[in-house]
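Some structures are shown below for you to check.
Shared between the two complexes below is chain A, which has chain B as its partner in the first and chain C in the second.
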Partner chain A sequence: MAKLRGTGMAAVNYPTGMNLGGDPSQALVHATTSGSFVVTLSATDLGQGLRTVIGQIAAETLGVAYDQVVVDTADTDTGPHDMGTFASRATHRVGNAVIAAAVEARKALLDVAAEEFEASVDEIELDGHGNLMVRGVPARSMPVAEVASMAQFKYGRTIAGRGSFMKPRSEVDPETGAMDPDSTEAHACTVAEVEVDTETGEVTVLSIRSAYEVGRQVNPALVQGQITGGAWMGMSHALYETTAPYYPAPDHSPRDFSEYLMPGPLELPEIDCVVLEMPSSNGPYGVKGIGEMTANSPIPAIVNAIYHATGVRIDSLPVTPEKILRGLDARRP
Partner chain B sequence: MTAPLEVVGRSVERSDAVGHVTGRTRFAADRAFPGMLHLKMVRSPLHHARVRGIDLSEAERVPGFVRALTAADVPHNRYTILSLIGVEPEEEFVLAEDRVRFKGEAIVAIVAETEEAAMEAVAKVRLDLDELPAVFDVEEALKPGAPIVTHWGNNTFMYEGHPCRRVRLGDVEAAFARADHIVEGVYNSSPIEHAPLETTGCIAVPEGGRFTVYTNTQALYFSLDNTSIILQVPGNRLHFIGGTVGGGFGGKVDVIVEPIATLAAMKTGRPVRFVYSRSEEMQVSSTRSAWRIYLKDGVTADGRIIARKVTSYADSGAYSRQTPYALTKHAANAAGPYAIPNVSIDAYCVYTNRQPTSAMRGFGVTMASFALEVQMDRIAETVGLDPWSIRFLNAYRNGDMKPHRKLADDATLIETMQAAAALVGHELTAEQQAMTSAPRAGGDPGGR
Partner chain C sequence: MASTIVTFELGGREVEVLVRPMTTLQSVLRNQLGQTATKDGCRQGGCGSCTVLVDGEPMASCLLPIEDVAGRRVTTLESLTPAEGLHPVQQAFVDEYAFQCGYCTPGMVMLSKALLDHDPAPNDEAIGQALAGNLCRCTGYRPIVDAIRHASGAMSGHDTEPVR
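So, the complex of A and B:
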């Protein structure tokens, strides 16, 4: 009996969005007289950080600081229509809609400032910290809040923008499967290292190291969070989880977390990654979706590593100790 | 966009981080309203049965019982989430009518003053059920004589006249005939749970002639529009508020709790809370489908894959929910990120008497990636290459035609593998290091 180590790899791509029913999102942006820009949506933040990255995209496009943007979302009475948060679509679709709305709102802001400064619109710039100025003339500068107040009280105008983004519906040809179902593809390559105990059949994942190509990172810490969480989830799918432990028999299905196995903190391997940025042609600032794909490549990488360690090729998930021990038995002369 | 970016690319703090780690975030079901009622579901104890009768007499005598809802109370008693994008037929019931098709299927909704009273009344509902034969395996379900789960006579979802979603490119059989190796594999996965920390739930509140629904849905308008259809009320009578989700992973794209909670609020005129228990989340809410994937590849002696045939079965469970759509996404990705000139894919959405499946992170692709990437190692071993070399050799490039006839224009598999090799210290050949995803001279290689 021994502890055998092995390394396995896998390489995948994953689509951003799914538009076989058409895939639109809308956003509204307006300035308050107190100096904020409010982004109004109905898209939902699942905890992956949608509100945060949408705030960043809005701030970038408007030319203001991140803390000047308020993201108001997930209320169907106030927020314009959005399909929902799934299919790795939200940052891509909502981000594009927000850029369109922010461009329109920014123009309305610059128009008021130009009139006030008696300058042309293309001479006005935002300093990224909440001030508008005539280019090259720092003395002629004014906070966004002041321009927004002037728009209301002196000029009687709104500073607002509307944006929408839609990937149109693609019909599937029922004979050939010809279709245009997504907007772009992100990529990943994962290398997993495992140790297999040939006495117990238990697998310890030692490391999951990956390269991801995600177009553009709006928020690197959140991308890292997706990669780390996905590596854990992929490892869990590969080795632990099922609602049907005797599949296909439906018996003994778990009722709670004491019966539904998942790895805990002590089982967590070393997780490392590098992220490449090769901007997509159609995402906001080149974004591709990373939400779903991070659980995918760790699964086959772990299964391939088990083969490398033991010579046992497992082709059904989850890879339980029983399957490994039976595989080892079958290899004995 | 050539100016340097100021805010995009910075790791600003996540807006909900402090609330989550300090336990102060308010989730949908954390709200309380005066007079709020609690809804609990009477569910089928059998995998497949005919419903002969429902006896509520004992349940109605439980102190705190307010009312029961059965199929006859639901204005349009069909839950077919993809009807929003024109997918047919309508098949699932909000509350069961004459047949239950999985263990846990909702039959009667009990509304009571407290959760305890609701649970007690649920336990006192007497069901008269005739058990029917059940089927749990995707290929068993397709055999002649298998118990039929659907109402249309077979156990597959029909795609425009076909029992599967098809993809066809080139001539697979001709390429198999001239291949040096045929490599075959069968890959299986069991169903898995989304396992969110926060279970699925909502609170529906009557307010000024409208209904406000606080929900943890991933898709507010999916939930609102489906509720509007099921209750046959105009959408502008409904006001859905969401915004904080304690784990989604696709499980909260189903809109299973909102319609019945809103109906209960309508019938009682009081706020109604319907939140899944952990065992409902695990045993009743949708799972990821179990998959069985057959792969057959034709490979040349030097390791080029010239043909790939994929036959996939996803176990949809008793109802299809989002799964037919997952098979289409599967079909668009089931050949993998490789340039394969001859591809044939048949992807079946199969009904069984299992708990229904639906969307889950990686929708239709996760198990394809598992099967394909284990298969790539099998091919590498067959032709005597290492796992990196087989993938570099077959990697798709920009300008290549994907099997679903979309030209690749954003391929970066090669660059991503180069970065991974550098990260782990795997030494690539000079040729592999020099490769890029730039279009091939002469465009798509075609039939090869």
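So, the complex of A and C:
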């Protein structure tokens, strides 16, 4: 009996968005009288940070500070249409729609400022800190809030924009099988190290190290959070989680949180990653989707590491101690 | 059985509640006192999202009959949060980005506060033992462990930089 160590790797090529019957997201942007901008969406923030990155994208496009943007999400009764938060699509799809809406709203804002300054629209610029000015004439400057208020009370205008992004449905070419189902693809490679106890069959994951190519990062801390949480979730799927451990038999199925096996803080491996940025051609500011993919490559990397350590090749999840011990028994002469 | 009046201390103030027997502390906090930071994940002590402190000890408020806290000192996330700014443990959770959906966070913060009160400089093993009953689905726990180490430094007056 021994503790055997092994190293395994796996790579993933992950699509952003899905080939539905067309995959649209829409956004509305408008200024309030206080000069803040409201982005109205139906897309949902599950905790991955959609509101944060959409606020960043809107602020960047409008030319205002991040804290001047309010992102209102997830009410499908009142918001513009969205297919939803899935397929790692929201930052890409919704971000593109928000850029389109923000460009239109920005144009409406500049029109009012141009009229007030008696200048042409081309001469008006935003300083990114909440002020509009005539280019090269700092004396002719006015806070966005003042122009927004003026738009409503003096000129009777709305400062608003509509945006939509749609990936059209892609049909399969019957001759070649070719199609274009997604918008862009992110990539990752994971190397996992494990230690397997051949007496108990227990696996300890020592480290999960990954490289991710995710397009431009709108918010690196959020990307890091996805990768760290995804690595843990991948390990959890590889070694622990199942709702039917003896499927199709219902035996020993967990009934609640205290019976559903997941690793906790005492089982944490070393988790490390590097992120490469290769902007996509069609995402907002070069974005690709990162989300679901982060739990993918850790799973086969861990299973390959177990094979490397023990010679036992397991092809069903989770890799329980029982499966490893049965595999080790089968290999004994 | 008839309703009774139970008195306990909440965030430094005495509160009185009229309750049916065996009402849980969680239910009183959320439904009678409007303190909804204490979450309602499983109502069977399996997730830790309802963790509050009773006389400084972390407890699953979903399993605690309100009669058991009569005369005792209850601390919730609301009572921990200062009028302005954040408690050092809360600030460390922000600095380390130790949450995503945030559902586990109130319980994790209360647990961390109790841990640091008992052990101002816990190692990873001690942190892991303390967190073992509280579930998080988003972060992979690493940022939470880092936040506790960060808060430990901040509360002892040095090393207030984020761990990562």
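Assume the second predicted complex is superposed on the first by the 324 of 333 C-alpha atoms of A that agree within 3 Å, B and C clash if a C-alpha of one lies under 4 Å from a C-alpha of the other, contacts with A are read in each partner's own complex, and residues count from 1 in each chain.
Here, contacts are C-beta pairs under 8 Å (C-beta built on N, C-alpha and C of every residue); 3 or more make two chains touch, one makes a residue touch a chain.
Note that the structure is predicted; figures quoted are calculated from it, not measured.
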item: Residue contacts on chain A - larger count, chain B or chain C; value: B
item: Partner chain in contact with A:S281 - chain B first, chain C second, else both or neither; value: first
item: First, second, both or neither for A:M262, with chain B first and chain C second; value: both
item: Chain B versus chain C as contact partner of A:H252, first or second or both or neither; value: neither
item: Partner chain in contact with A:A221 - chain B first, chain C second, else both or neither; value: both
item: Touched partner set for A:R326, first chain B, second chain C, both or neither; value: neither
item: Partner chain in contact with A:M18 - chain B first, chain C second, else both or neither; value: first
item: Chain B versus chain C as contact partner of A:M233, first or second or both or neither; value: both
item: Contacts of A:I271 with chain B and chain C, given as first, second, both or neither; value: second
item: Contact residues of chain A, present in both the chain B and the chain C interface; value: 46-47, 49, 221-222, 233, 256-257, 262
item: Residues of chain B that touch chain A when the two form their complex; value: 1, 5-16, 20, 47, 82, 84-87, 103, 136-138, 140, 159-162, 165-169, 185-193, 195, 217-222, 224, 238-250, 253, 278-279, 282-283, 287, 290, 315, 325, 328-329, 331-333, 336-337, 345, 353-355, 359, 361-363, 365-367, 369-374, 376-378, 387-388, 391, 395, 403-406, 408-413, 415-417, 419-420, 422-424, 426
item: Residues on chain A engaged by chain B in the complex (per definition of touch); value: 8-15, 18, 20-22, 42, 44-47, 49, 51-52, 55-57, 59-60, 65-66, 71, 73-77, 79, 81-87, 128, 172, 174-182, 184-185, 187-191, 209-213, 216-222, 233, 237, 241-245, 247-250, 253-257, 260, 262, 272-274, 276, 278, 280-281, 285, 288, 291-293, 295-297, 299-301, 303-304, 307, 313, 315-318
item: Partner chain C, residues of chain A touching it in the complex; value: 46-49, 221-222, 224-225, 228-233, 256-258, 262, 264-266, 268, 271
item: Of all residues in chain C, those that touch chain A in their complex; value: 41-42, 44-47, 97, 99-103, 124-125, 127-129, 131-132, 135, 137-145
